[in-house]
Structure formats: structure tokens, C-alpha cells
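Written below as C-alpha cells is the structure these notes are about.
The chains carry the letters A, B, C and D, assigned in the order they are written, with residues numbered from 1 in each.
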Amino acid sequence: MKMRILAILMLVAIIFAGCGNEAGKNDPSPTPSTPATSEPTPTPVAEAKSKYYFEYNGVKIYMDDEAKPILEKLGEPPFGSFESPSCAFQGVDRTYYYNGFELYTYTEGDDETEYFFTVKFMSDAVSTPEGVSIGDKAEKVIEKYGENYTETSGQYVYTDQNSKMSFKIQSGEVAAIELSLIINE
Amino acid sequence: MKKKKIISFVIVILVISVLTVLLQKLLMPKYMTQIVEGALTKEYYYEKNKDHDVIFIGDCEVYENFSPITLWEEYGITSYIRGGAQQLVWHSYYLLEDTLKYEKPDVVVFSVLAMMYNEPQREAYNRMNIDGMPLSLTKLRMAKASMMPEEDLITYAFPLLRFHSRWKELSGEDFRYWFKRDQISHNGYLMRVDVKPVGRLPSPRLLDDYMFGDKAYEYLDKITELCKKNGIELVLIKAPSLYPHWYEEWDQQMVDYAEKNGLLYINMLDDLDEIGLDFEKDTYDAGLHLNLSGAEKASKYFGRILQSRFNIPDKRNDEKLKAIWQEKADYYYKMEQEQYEELEKYGYLLKFNMKRNEENNIKP
Amino acid sequence: MLFTSYSFILFLCVLISLYYLIPKRLQWKLLLLGSFVFYFFSGWSNLLYILATIVSTYFIGLKIDELNRKQADYLKENKEKLTKEEKKLYKEKIKAKQWSWLLACLFFNLGILAVVKYTNFAIANINSVLSIFRMTELSFVNIILPMGISFYTFKTMGYIIDVYRGKYEPERNIGKLALFVSFFPQLVQGPISRYDDLAQTLYQEHSFEPKTFSFGFQRVLWGYFKKLVIADRIVAAVLTITRNPEKYDGIYVLVGMVFYAIQLYADFTGGIDITIGVSQMLGIEVKENFIRPYFSKSIEEYWRRWHITMGTWFRDYIFYPLSVCKPMLNLSRFSRNHFGDKIGKRIPVYTATLVVWFTTGIWHGSSWNFIVWGLLNGIIILISQELQPLYEKFHQKVKIGDTFGFRLFRIGRTFLLMSSLRILDCYRDVGISFKMFFSMFAKPDLKPLIDGSLLKLGLDMADYIVLIAGVILLVSFSLIQRKGSVREMLSAKPAVLRYSIYIVLFFTVLVFGAYGIGFDSNQFIYNQF
Amino acid sequence: MEELLRILEELHPEIDFNTHEHLIDDKILDSFDIVTLIAEINDEFDVSIPAHEIVPENFNSAKALYSLIERLKDED
């Protein structure tokens, strides 16, 4: 009987898979009860940090970093802070006032962990790691950050990973600088 | 035999329905402490005398900043605030639509801050704004316009499906308010007498786009439309709260919109001196919301405009209304006094600071 | 459309009402329409896959049958003329033709399954080979696995093989065949019904039978209880443990194992309860897929009682054909002559067993975890087979009778063994699975069981109480069930008691079910209320 | 027939195959036994039993099995 081929055929799908080492990094579905729905998920790319960050007194701040350890390193904000609950109180946004910049955080989760979502530059006392500060010429922004920006509402916006660097340009000069988290709506 | 079967079937359905209603009432959040904003929508339907000159719609910038009692006492204007926590433009529209089933005001006041949101923000706010409404097509349409991606329409028809897992968190409050509610507002106004002066406010952040979104405009148009159709004057208002920041660009859009549609738009931030607001004393959370003294000042200012612009007659001589509003005023002053007493005794208001109560071991 | 979605409930209400209102001869057509609607809602492109399978299977089935007729006619016509040899030759010629048609059908449908299910797995494996030679790696393709494809493909393959074997005639109505393949209660997770079991009851006209209907409804309710109250609740802890192996090793692995066993049982058998119950509400009888599997006393018995339709499918269409095919018999003879009787006898069984378990493994999921899991199952079954005589001798000497205690011991042993194997289902890869398994013995620290750590896995005290009550209910239900149908027993009880039980069960599912926001999106935003 | 009985008894010495009529239903013969059996039959009788003949009716008793063998022989 040719049933043998039949059985071999059953294996076609398997042999097809070839042999390799333990590289099957597919996430096995936790419910093999419905094996037909367990989809292989490709290996996730390790998420790199954005090239845009803020540095003050040697402390680096990336967007979506947990705020607590960094705030501890920076020390008490010299000009205090502001807390804004939304209409009803869930989710508190906080603003910390430092010399020349403001740090914005949001909270998430049951333990209300704080994360950074914006650094706002307030004066030319601080500059971006690339060396741009308020009052610089617009050309300097392009010189330091390149041509790869989008222009909206009079702002040059550079994006990378989860962060964006925005420069508001007024009469050829940088009027405002903000590093912020990109929020998907 | 067959008859018996049908009877028992009917009984089973009846028992299930009754139990469902009881369970649903028990398991739904009561919003009687801490987040009392959640009870606002429902409270309107308990109001016996649903006949107002003015209806406010909007978020915390209406229900914390205007006091209908002041409007009555100063100008004889009857009003109700149909506000809700983070009430978005579509919430406002449908709430107004539902309100018009009960009454026809002369003036509708819409707080424009919510124009900044073009998307539903949080499920919790949807529940607070919508759940209090009796089941109707309006309610379902409202839910449909407001839902976050993870929500199901059916849970607005049968909230038990949403709140069933609250069996874990049932507290005395849930049993106490199983079938009744306390009155927590004064015609929609939430009273706070505590003070927290304004300090330094965060400087306004840059926005990608200063234009209000399409959906926000769509529903603002619908509100305008609805008012026109019913012969109601619509007033757009920016209440005198200092934060969130009200951008120039936003203000201009509202000026333009009002002009185009022949509406009155008042940015009260422009008239802070005339209103007489003192942000050292008139806010309870450093500029986000006004406290009682702030709200009364804002109401006096705004009432004057209402009276002069729209000729709303002074009804203080109407005996029937007088009695109704006297009762309301009594409750208002009683609550004011209680809050001051509480403030003196504990240093803060118990109802709004559950966490501090726990720390201090106080049971309100 | 998942069983636990509101749209499914709505769909069901509409379908069932229509089903009993329309003329009976249209009933099966409504079911077909309903099945396609059901399938459509899980993505319209899915429909193309299932249609391809239905159409190819349908026409090839007819083709094979046509050849049969041709053969019969030819032999009848030339009955006198042909010699025995010639007849045999002709038969073989026809058989060969049928064989190629069968092959084409299997190739086509298995091909679809292979491409959608295993392409990315193959790419991952090829890439790991490529990376050894430092070559550019292939990128993954984005294929969405059509819902239930493993199940309906196996259903159709069983059908076409049976037609080829002449077990029954092919279905001549393509609509009817389509209904057999796509019958919606079975689409998501089986059971893998056979055509000769299901077809007739599917196409028959069914009038409303209150008793069958209410039995079906009860079973559906019971299924939802298992799925929503138990499985979907305990899954939080299972995921916490298995997604964070660095944090939760040692005794946590055991906890995870047992929890996963509960989750899997409640989820899978609950789903099948819904499938069978819904079918019953429609008057359709679907074969059982489980017989209280956790009461099994050996692995071999376990696999006869767990996911039965899958086990018998592999047995009938792979194990037997493979182990009795000519080359295998020749191999057996050859090895018997060369290596002696003992080894020779075992070769066909061993080969077929390992092949079956390898296939079973990869059928469950396209990853090495499942392959290793399958092979381990096969190996353990073979080992226990070999040890059988030893056991028997041991028992004769020690004289442990078939006591209750000993039965309990065997049941516990089988449960733990199967649960340990399932570790492979849970962890990211094979290496971690083994590491976690051995960490149970390396770190026998029992403290987490009592110091409150269990409350930090995503379940609070209230959840545990519900779970414990639920599991007690499941176990007692199974114990009673050994004496016969629980629903039959209940129907003999007074109506008031009966209805109260249903109402309580209904509200238990409604209130204690782990569904809706807070469970599916991990947004416990109402915690503060 | 004797030969078949001998093969069967080798598999399960404790069973009386002359009288037993429910070998499959009573789970006396499992799938491993069946495969071994078919290999032996193939050796002794030179008959190969195809997979689709593996149904309980053919394997429930020695008698049934024997008639299956006879039938297959005839067909050849």
C-alpha cells in the first residue's frame, strides 16, 4: 500500500521547517488549547534609546525614563513643583522647576510611578546636548541637527524613537525648545 | 402541563430580571465620596423642578466655577450645571440633547476648554459622564461617540457587565447608597471652600498643532445647530481657570467661531480684574479650579452679562420658585458652614482626601 | 468572534431563533450561512482559505468516487472477458489514479497549513543556520493565521482519506460539505469531528425539543463558568510566573504548573462544553472530546481521555498507516532477522510513535517547545510500555491491590507528570523550560507558599477564594459524573431546586466571570473606587 | 487459526482468545499490540492488513481477525 507516502506527506510540513538549534524564539502561546490561534511572533528588535535626551549636571534624562531616581540625583527643584490632577483625580501630572528648565512627569499604574514626558527649556542657561539653546539662530539648529526635520506651527521638529526635539523659531531665532515624548493618539 | 411550564419560565425570567437590577444597582460605583463628580450626571434626573433659564454644559470649568445659587440670589436667574468630569464636546452635546427632553432653557452656556480634546481620553470619564443617564437612544449614541477602543456598547445598556467585578471592592458606601443618593451638588455646582493659592504655573508647552480637532468642531457645530433649532441662545465661555493653559491660538479660533455663528464668546481670563478674582484666595488647587468665593465672584460677573444681554427676567418674586430656591440656598449655606467647620477641625476636607483620612485614621 | 465576546452571544441568539422559525429544510442552509458569517467576523481573508479547502476537497472527493464507478462499470461490462490478472492490473491502475488525486488534495491543503503556520518558524530556523555562516538573515513574513485552520484542515483530510479508502461515499452537495468543514461551534478549537459521525445529524431537520435544548443551554452555561470564572481568572497568575522566569523559579514553577493545568483544563474543556452545548441547542450531536482526563492513572490513558478526537485522528491517519505500511513491515522483518525478535518487533511501533508525537507537537504550535513536548510525551509512553512487565512483577511481589490510596497515587503521579511536560507550553524557549523544571529541585524553598507571595501574582485573596470554590465545584462535578449524566440527575429533582441552581450558576458567571475591562486590557483603573 | 492463537497468546498470555469477543472494547489490545500483531500476521500468513481495516469489528475476537485474514488472502 502507498499509505507510507501518505504518512510521509504528513511530515512534509515538518521537514519543511528544517532543523536548526534552539533558535525558535517564537512565543509559544500560553494556551495551546487553541493551537490554531497561536501565531508565531517574530523576534522583537531590542528597543534602543532615542538619540534625543537632556543632560544637566552630568545626569542624562531620556523620555519615558522613570523619574524618581533621576529627580533624586538632580536634587530638590530650587523653584518647587506643580501638581495637576485632571478633572477627577486619576493620573497626576507634575512639573518640577529647575534653573533654566522645567521637567514634566506623568504617573501610571497602581503604584503611580512617575515617568518623564517633557523637558521645557526656559532660558539660555541650559542647552541641548548638541549645543543649541534659546536665542540661537535658526541656522544653528540645522547645522547641529541636520535637514531631517518637519516644520509645523513655526516649529522645527526632529523625531527619533519615542522622542521628539522641537524648536520654535521666531524671526530667525530659537524662541523655545522642548524635548518631549511622542504620544500616539 | 404546558401551561405550568410557561408559568415557571415566566417566573424564572422575572426572578433573573429582578436580581439583575438589584445586583447592578449594588455593584455600580456610587461616587458619594472622593470622586463625587461621577454622581453629577445622575443627580440632574432627581431634580424635581426641571425648568431653568440657563443650562451650563462642560467639564470642571463649569461645575467648579459657577454657582447657580449666586445667580439666583443676585439676579433671580434659575440655572443648572450639567457638568461632568472631563466632559468632552460630544458628551456635552448628548447631555444637552437629553436635557432638552425635559426642559427648554433660554440660554445654554458651553465651556470651550474641552475643545482641546479630539479623542476620548479615558474610559473612567466616559462612565462618569454617561452611566448616570437613563437608558435611551441618546445615551447609546453618546456612548458610541465616546467609547475607547476597548469598550463595548452593551455595557452602557447593562452596566452590570462593566462593573460586575466590583464585588471585590464593595464597601459600606455601596450598601448605604444602594437605592438612594445624597445630594452632592447645588444644581450641578460642586462646593469647595478650602484654599490653595496659585504659585508658579508650568509654562505652556509647545503643541504640534494649535487647530482644534475635527471631531471637536463637529460636535460644537451640532451644539450650535441644536440650540438654533430650539431657539436657544448659545454662549461660549472660557472660565477663569489658569491651568491648563488657554493658548492665544485657541482663543482666536473661538473668537472666529463665535463671530461666524453669531454667538457670544466670553474669555473670562481677559476680565480677571473686573471679576475681582484673587488667586491667593479664590482657588482651592493652585489655579485649576475656583473655590466657593471664586465661584461666587465669577457667577456675579457672568450673571450680569446674562441679564443684560439676554434679558432674562428676575424671578425672585415668583412665590413658588422662591420657596424652592430658599430650600436650595439653605442646603448651600449649611454645606458651606460644615465645610468651614471641617476645615478648622482637620485642616482639610474629609470627603475629598480619602488617602489623608486613612493616614490620619479618620472615618468620615 | 470569540465565544466570550458579546457579539457571539448576540449572533447565537439571532441564529437560534431563526433556526427554529424557518422551514426545517432550510435549517442546514442557515447553519452554513451562520458559519460563514461567524468566520467572516474573524477576518474576511480567512474566508478565502477555508473556501479553497472546501472547493478542492469537494471536487477531489467526487473525482475519486468517479474513478470508483468507472472501475465498477468497466469490471461489470468486461466481467467475462478479463482474466484475474488483467482485473487486478486494472484495479491497480485506478487505485494509482485515485492515489494521485488524494495526494494532490493533501498537498494542497497541507501546503496552505504549512505556509501560514510554519513559514516564520522555518525562517527563524533558517536564520539561525545562516547566522552561523554570517549570512544575511531573512526577514519574517506577516501572515495572519486563519482562525481554526489546523482544525478544519484535519477535518477535511480525514474526510478525503476516508473517501479514498472507500469508507463512505463523498458528499455530493458542496453546500453540505462546506457546512461540515465550517460548522461554527467547532471552528475555533475543535473537536475534530469525522464526517461519518457528524454529517447526518448536521443535515437533518430538527424540531425544537425543550429537553435537548435546555440540556444544551446548561452545558453552555457550565462551559462559560469554566472559561470565565476559572480559566480567565487564573491566567493572570500563570502569565506572571511564566513571563518572568528570572523572578519566579523554584517552587513558583510548581505553582505555575498546577495553575496552568487548571487553566488549560477549564479553558479547553469549557470551550468544548460551549461547542457541544451550542450544537445540542441546535439539535446536533457532537462527539465528546474529553472524559475526565485528570482522573487518568497513566499517560497512555490520559491521552485516550484528553482531546480524544485529535488522538484518534493521529492514530487512524498516521500511526496505523505508518506502522503497517509495506516498508515498515519489511523493516520489521529485516531487523528481526538481524537484531533478534525483541528489537525487531519494536521498530515499527517505536518509529510510528515518535513520528506521531513529533507531528502532534508541531501541530500544537510552530516552535521547538511543542516539538520537544510532543517527543517527550512519546518517549514517556514508550518507556512506560517497556516498564509494564516490571511493574507487574513488582505488584505480584509487593501485593498492592487496587486500593483507593494507590489509585489516588497513580492519578496524582500522572497529573504531575503531564503538568511537568506542559512547562514547555509556557516558557519562551526549550532552554528556559528545562532550566525552570530543574530549578524546582535546585531551590526547594517552600516559603513563597505561605508568606503571602502568592498574592502578588496578579490574584488577590478574593480571586483565590473564587478559584478554590470553582475548582472544588469542578472536581465534585466530575466525581458525580462518573455515575452518569449530571443533567439527567438534576432533571429528576424538584423544579424549584433545579431552577435555583441554574439561576445561581447564571449569576455566578455574570458576576464572578473574569471578563470585560480590567481583565482583558490589564487596566485596573477602577481599583481606587 | 492455531497459528493466530499462538501469536495472540504470546502477546497476552493471560487471555483466553478462544472465547473473548471484546478485545478492543475491553481495551485488552492497545494500538501497540495491534501493530505488533499485524507485523506478525504479515510474517506468518503473508497477508498485509491495510490501515483502514483496523476497526474494532475486525479485531474484537480471534475469529473475526481470522476471517479478515482469509478475506484478504482471497482478494489477492
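Definition applied: a residue touches a chain if its C-beta (ideal position, glycine included) is under 8 Å from a C-beta of that chain, and two chains touch if they have at least 3 such contacts.
A quick note: this is a predicted structure, and the numbers were derived from the prediction, not measured.
Chain centres computed from CA atoms place B at the largest separation from subunit C.
The chain pair sharing the most C-beta contacts is A-C.
Spacing of subunit A relative to subunit D, judged by their CA centroids, is 70 angstrom. Chain centres here are Cα averages; for subunit A and subunit B they lie 35 Å apart.
Averaging C-alpha coordinates per chain places the centre of subunit A 42 Å away from that of subunit C. With centres set at the average Cα position, the gap from subunit B to subunit C is 53 Å.
Shared contact sites, meaning residues of subunit D that touch two or more other chains, fall at 48, 50-51. Touching of two or more other chains is recorded for residues 321, 324-326, 525, 527-528 of subunit C.
Multi-chain contact residues of subunit A (touching two or more other chains) are listed as 1, 3, 90. Residue ranges on subunit B touching subunit A, taken from their complex, read 34-35, 37-38, 59-60, 85-86, 118-119, 122, 124-125, 128, 199-203, 205-210, 243-244, 285-286, 288.
By the touch criterion given at the top, residues 30-32, 34-36, 38-39, 42-43, 48-52, 54 of subunit D touch subunit C in their complex. Only residues 79-80, 82-91, 95, 97, 102, 104, 118, 120, 122, 152-153, 155, 157, 166, 168, 176, 178, 180, 185 of subunit A touch subunit B when the two sit together in their complex.
In the complex of the two chains, the subunit B residues touching subunit C come out as 5, 8, 11-12, 15-16, 19-20, 23, 27, 29, 34-35, 122-124, 150-152, 154-155, 160-169. Subunit C makes touch with subunit B in their complex at residues 6, 210, 460, 462-463, 495, 499, 502-503, 506-507, 510-521, 523, 525-529.
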